[in-house]
Amino acid sequence: MEALNAFTVSLQAVWNDSGFSAFTMGNGIMILVGLVLLYMAFVKEFEPLLLGPIAFGCILANFPNTGFFGEEMNVMKAINFGITNEIFPPLIFLGIGAMTDFSPLLARPTTLLLGAAAQIGVFVALGGAMLVGFNVHEAAAIGIIGGADGPTSIYLSTKLAPHLLGAIAVAAYSYMSLVPMIQPPIMKLMTTQQEREIVMKELRPVTKFERIVFPIVATIFISLLLPPIAALLGCLMLGNLFRESGVTDRLSDTAQNSLINIVTIFLGTGTGMTMNAHDFLRADTLLIIGLGLVAFMGGTAGGLVFGKIMCKLTGGAINPLIGSAGVSAVPMAARVSQLVGMKSKPGNYLLMHAMGPNVAGVIGTAVAAGTMLAMLK
Amino acid sequence: MGHSPVTTNPLIIMMINMTVVFIVLVVLMYLIKLIHFIDPTKVKEKPEEPVADEPPLVAVKSETAPALEPVVEQGVTPEIIAAISAAVAAYGFAGQVRAVRIVNHENTPWRASARFNTLQRK
Amino acid sequence: MEALNAFTVSLQAVWNDSGFSAFTMGNGIMILVGLVLLYMAFVKEFEPLLLGPIAFGCILANFPNTGFFGEEMNVMKAINFGITNEIFPPLIFLGIGAMTDFSPLLARPTTLLLGAAAQIGVFVALGGAMLVGFNVHEAAAIGIIGGADGPTSIYLSTKLAPHLLGAIAVAAYSYMSLVPMIQPPIMKLMTTQQEREIVMKELRPVTKFERIVFPIVATIFISLLLPPIAALLGCLMLGNLFRESGVTDRLSDTAQNSLINIVTIFLGTGTGMTMNAHDFLRADTLLIIGLGLVAFMGGTAGGLVFGKIMCKLTGGAINPLIGSAGVSAVPMAARVSQLVGMKSKPGNYLLMHAMGPNVAGVIGTAVAAGTMLAMLK
Amino acid sequence: MGHSPVTTNPLIIMMINMTVVFIVLVVLMYLIKLIHFIDPTKVKEKPEEPVADEPPLVAVKSETAPALEPVVEQGVTPEIIAAISAAVAAYGFAGQVRAVRIVNHENTPWRASARFNTLQRK
Amino acid sequence: MEALNAFTVSLQAVWNDSGFSAFTMGNGIMILVGLVLLYMAFVKEFEPLLLGPIAFGCILANFPNTGFFGEEMNVMKAINFGITNEIFPPLIFLGIGAMTDFSPLLARPTTLLLGAAAQIGVFVALGGAMLVGFNVHEAAAIGIIGGADGPTSIYLSTKLAPHLLGAIAVAAYSYMSLVPMIQPPIMKLMTTQQEREIVMKELRPVTKFERIVFPIVATIFISLLLPPIAALLGCLMLGNLFRESGVTDRLSDTAQNSLINIVTIFLGTGTGMTMNAHDFLRADTLLIIGLGLVAFMGGTAGGLVFGKIMCKLTGGAINPLIGSAGVSAVPMAARVSQLVGMKSKPGNYLLMHAMGPNVAGVIGTAVAAGTMLAMLK
Amino acid sequence: MGHSPVTTNPLIIMMINMTVVFIVLVVLMYLIKLIHFIDPTKVKEKPEEPVADEPPLVAVKSETAPALEPVVEQGVTPEIIAAISAAVAAYGFAGQVRAVRIVNHENTPWRASARFNTLQRK
């Protein structure tokens, strides 16, 4: 009898300490949000490498009583440490640098202007966010979604508006995946058939000298001017040096494989772990998602407008379609330029030409983030 | 964190930021041109460039552009070039795994051996 | 003369600060224990990937004056941090999840019952440990040896009885390697020739939908019910999602190669580092080893009994030999089922059928650990 | 390490734990069945299953079971199947290294290129 | 008007917070130093894997206002944590151990004496450093440059003279790369043509037993005698066990690829980050570079002298040229022995014979470091 | 950093350190000899060694030295041997990447399968 009593009491205790008893409506909705994000990641293939872990982290974070956010250290707290102290984004950039070929940019440096012009989206969203009531720090973090660079967005958000990190990361990675849907209509609307048919002159060869000196010079110049992004930009360029030096293939290989993959798992899961009902389930999140779309469209339009200007100034040597690649979302946006170009005129290969503004956009967004940090920190 | 922002007028913030971004990237553009200008390894392109200007054909490239584009041989159709260049460019986060490892062969013992033998011949 | 004096004094000082002068009998015996474990790992091939680093860590920990356990941070202290805060076991499970194919379980979900039944060994050992005088926390940690899952054992031990970690880890990994010797006699004793000859119907194909939805649903259900194992189970299932999604091969590859290997080196070495004479050289250790064997045999028997019941209930559709695979020790125990089946009737391929209870045993042990943590924490 | 355990009677602890383990795994079993039930992608197996029931031969599988078992062609001996299935299952901690990397080829630029070309044709 | 004013003020603020406004002459010179090191690393191929990240770290460290050395945690501070707490060098040694084949040493154990003799350079430089005014801790750290082992040098420097770390690391890696230029003249000067033409008897085969027992015995003996290097030597030998056991290829592979590469990136960058104008731009640095050269030449000479003695004692069975390989700089110095041997007598293959003293030099330098730590700590 | 150093005389410090280094490595040398002495797996080399002493030719090695040197077949020129041995030894930090991975093939499922089959035959 007593045994049965103890048995029942114990079972009851297990139930009382379980997540079910402490489960809130908010947890339930956030787990649903995580499931939707998983669906987007794995079925719709929206940047699955990042959105997958983010979605799973969101689900994990919304189980009550796990102790993930308690006093004691545990694996999830350790991962969170890497998020809140901006340790992971620079390491991701190290790998991205090792994957990036700056040659198309070096062969035609004027495409840097397209990478700058596409940042207009960032600032349009920033202004819009302030108008709808976000404070300037939040607005800056929201605006950076338009940069279409996940690690930069996460880096800036953790510094300026950590409570918005989840929404911003989700918006950034989702829209990056949607580039092939967002951009083409704008591109067709803003360019003429004649412009889209422009065949660009092939790029000149780039020497190893240029490919090695560029990341060094860029690091020095930009880091001196904008110290808050020295870690981010320095890692990007160090990774690129590993790639281009020709004598550090081991490090390049590791930076763009095992290291970036390990950090990606942690970055994604850790970002997802910040998604709690209190911060995420509010109208602000919808506003952020809306503003992110504005930012992407604004960036695309900005790049195209500048592309048209360059087209005029060069007497038709530049196809304005490569302007939209300035939002970065490497290499998706460059492929979209190629795709739209090929549709207008079969055989019009814009891919390599679009890679210039495409990688310029990565630098442009980092510079935009640095500027905002310099002004607002 | 430190001092408060200078202004909270959205338009001014947008203008300032955009200005800084453009200034930085324009300076970077001139730095790239400077790098190209001082590049001691660049091939003298003067005699070739006008020739290249006239017929911007794929076949011409096979002599001058090994760095950016694969050496293209006569008889290769544009479709194939497109496919290859797409593949080359498809180095996004998800698509670089194999390509990179292959590069790594330069660091095998065989390369070290080659170096060693070169040293030896001196 | 003075020089010679200084020379002698200095040599003397080096000797006085050396490990030889502070060497204790306990150190000597523990180093011998480490050597025996190294022999088991590298010559007898008892789970060399884990037992090798554990053995070497045990040797390292027993050199006096190394400063590994002092105030100042060093590499061994950093590794120890990952052990005492349960950071490594979930990361190991991430890799194991990426290596695990749940298809055989999904094709025949009733084999989950075999994975549950085999946990009887855990609780028999728990009861036995309490009877011989261990307190309930220690008994739970000892019992989990019967689960035949190294990371789960280490996870539970560090939470409930850190002073027993070394003995428990060594027992767990040793018995896992001894499964091909421990199980067959019990299997032959408890089943009839007729039962062993049963040829099972082949498994139905499993869709990608099932393989993706299962880890998500299992994570949500189990983590909500048993929050203390949310990190462990969540990582297992996240790794499995990387594997099954089809779009995160990079992460799956890294989770089951470089990441798990790096963590394995640290987990093993760190576990070995906890093995000091004071905690290890006592009668308790022999009791733990004995109880571990009881647990393994109990689990095997439990799985077989339930296998026989299922055989009866299904009218002979289930070969009871697959029940013993429920102890996990993936994939060793499943191969043992196959081996014994083939001996009874050449051509009777039980391997795939035994993989179901085999992976169910991993979940079952995690659930058992979660239950004990929920009751005892 | 908050509250003290409810009971210290070994037998009760064993019973409670075993009960919880069984409850959890039984629920999980039904969840798996539910997943299979709602699976929108599952092939209609009704006409086939009775056929498969009668002769549980290896040869039948070649049409229906690509997910779990390799497609088996006529003339493959059971010994070979055993060897292959053993190899397939031998994915323990020590044995997965190579197999997995091969899977990875799907992520090469060539796949991206293929996708790109598919997109292009639309 | 007001807008224009705010605009100007803001731009001014960005400039004021930039690195340009706080830039010092020292920063400028250190960045130049970094550029020279980059040139040495990538163009002259001086140990690019280490010197590349060191050089880049040096440049990064000299941008003002980056916050890398502030209160808040960031990626560079995290890397620095691994440097100042000697976490990275043992992990590098784990990989080096997995790359090292001790067979040539085991086949001819007398070559250990050559590895000991070559440490004379360490102590000559130590004495020299004390004579020119360094204190004994600094002198020991400087002397170890002569050991030609990067990780050991960094390990000792961080323990005894962290302010000299940058200069010592740079000197160590630079001279390691210069071995093919530093050693041959000394080798020709100190040996006769007749000695250089000696053809050595081939090495006996070494059994797996020897290859497995050696790292264990060496770890126990040396760690007990010199506890301060237990972590360093233990990791070297654990890595070697992963290699030789034959059953831990996964761990060996990871130790010598992804793990060592990741740690190399961090070790190099973190070492470079310690290079500030205050510590580096002083006459001491030039002295260190000079003393490093003395150490390398002394070690080469020491090995050769002992080689000549062994040649005499063995009746001409030992070619003294293998003595210079005792400085380690694996495998560069062994190749130099081979090269000089081949020049004196084509077909005289000394490489395998020189690998014995070469790997002995690694152990010898670790022992020298341990001795100095035991005396001075 | 507890007690202060015993002496600060550079010469004495040099002598002490050098002495310790030599003592340690000499002891290690004897330990290696001891390991070789007690090695239960070593092949009886007595009959072979005198033969090997007389003609220290490359061709002889093919029977006795598989561990250290590749088995050398008749007709292989010394140049090739040098190149190969250089390559073998070129395992410095930069040169080991590929060679090592190849070793790893022992851990593939196929090896596990082979083991399993061996087990089975007993």
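Letters A, B, C, D, E and F name the chains as they come in the text, with residue numbers starting at 1 for each one.
Just so it is clear, contacts are C-beta pairs under 8 Å (C-beta built on N, C-alpha and C of every residue); 3 or more make two chains touch, one makes a residue touch a chain.
Remember, predicted model here, so these are calculated numbers, not experimental data.
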If every chain is reduced to the average of its C-alpha atoms, which one ends up farthest from chain F? A
Determine, using the mean of C-alpha atoms as each chain's centre, which chain is farthest from chain D. E
Looking at C-E and C-F, which one has the bigger number of contacting C-beta pairs? C-E
Taking each chain's centre as the mean of its CA atoms, chain B sits from chain E at a distance in Å of 34
Centre-to-centre distance between chain B and chain A (centres being mean Cα positions), rounded to whole Å: 22
Junction residues of chain A, two or more chains touched: 10, 13-14, 49, 225-226, 246-247, 250, 253, 257-258, 335, 338, 342, 371, 375
Spell out, as numbers or ranges, the residues of chain D touching 2 or more other chains. 6, 11, 13, 16, 20, 86, 90-92, 94, 96-97, 104, 107, 116
Which positions of chain F touch chain E when the two form their complex? 1-2, 5-6, 8, 10-11, 13-14, 16-18, 20-22, 24-33, 35-36, 39-43, 45, 52-53, 56, 61, 64-69, 78, 81-82, 85-86, 89-94, 96-97, 100-101, 103-104, 106-107
The answer for chain E against chain F in the complex is residues 47, 49, 96, 98-101, 103-107, 109-110, 112-113, 115-116, 119-120, 122-124, 126-127, 130-131, 136, 139, 199, 201-210, 213-214, 217-218, 221-222, 225-226, 246, 249-250, 252-253, 256-257, 330-332, 334-335, 338, 342, 347, 349, 351-352, 355, 360, 363-364, 367-368, 371-372, 375-377
Write out the stretch or stretches of chain C touching chain E in their complex. 10, 13-14, 17-20, 23, 31, 35, 38, 41-42, 45, 48-49, 52-53, 56, 59-60, 63-68, 72-76, 78, 257-258, 261-262, 264-265, 269
Quick one: which bits of chain C touch chain F in the complex? Just the residue numbers, please. 3, 6-7, 9-11, 13-14, 180, 335, 338-339, 342
Note: in the complex, chain B contacts chain E through residues 6-7, 9, 11-13, 15-16, 19-20, 116, 119-120
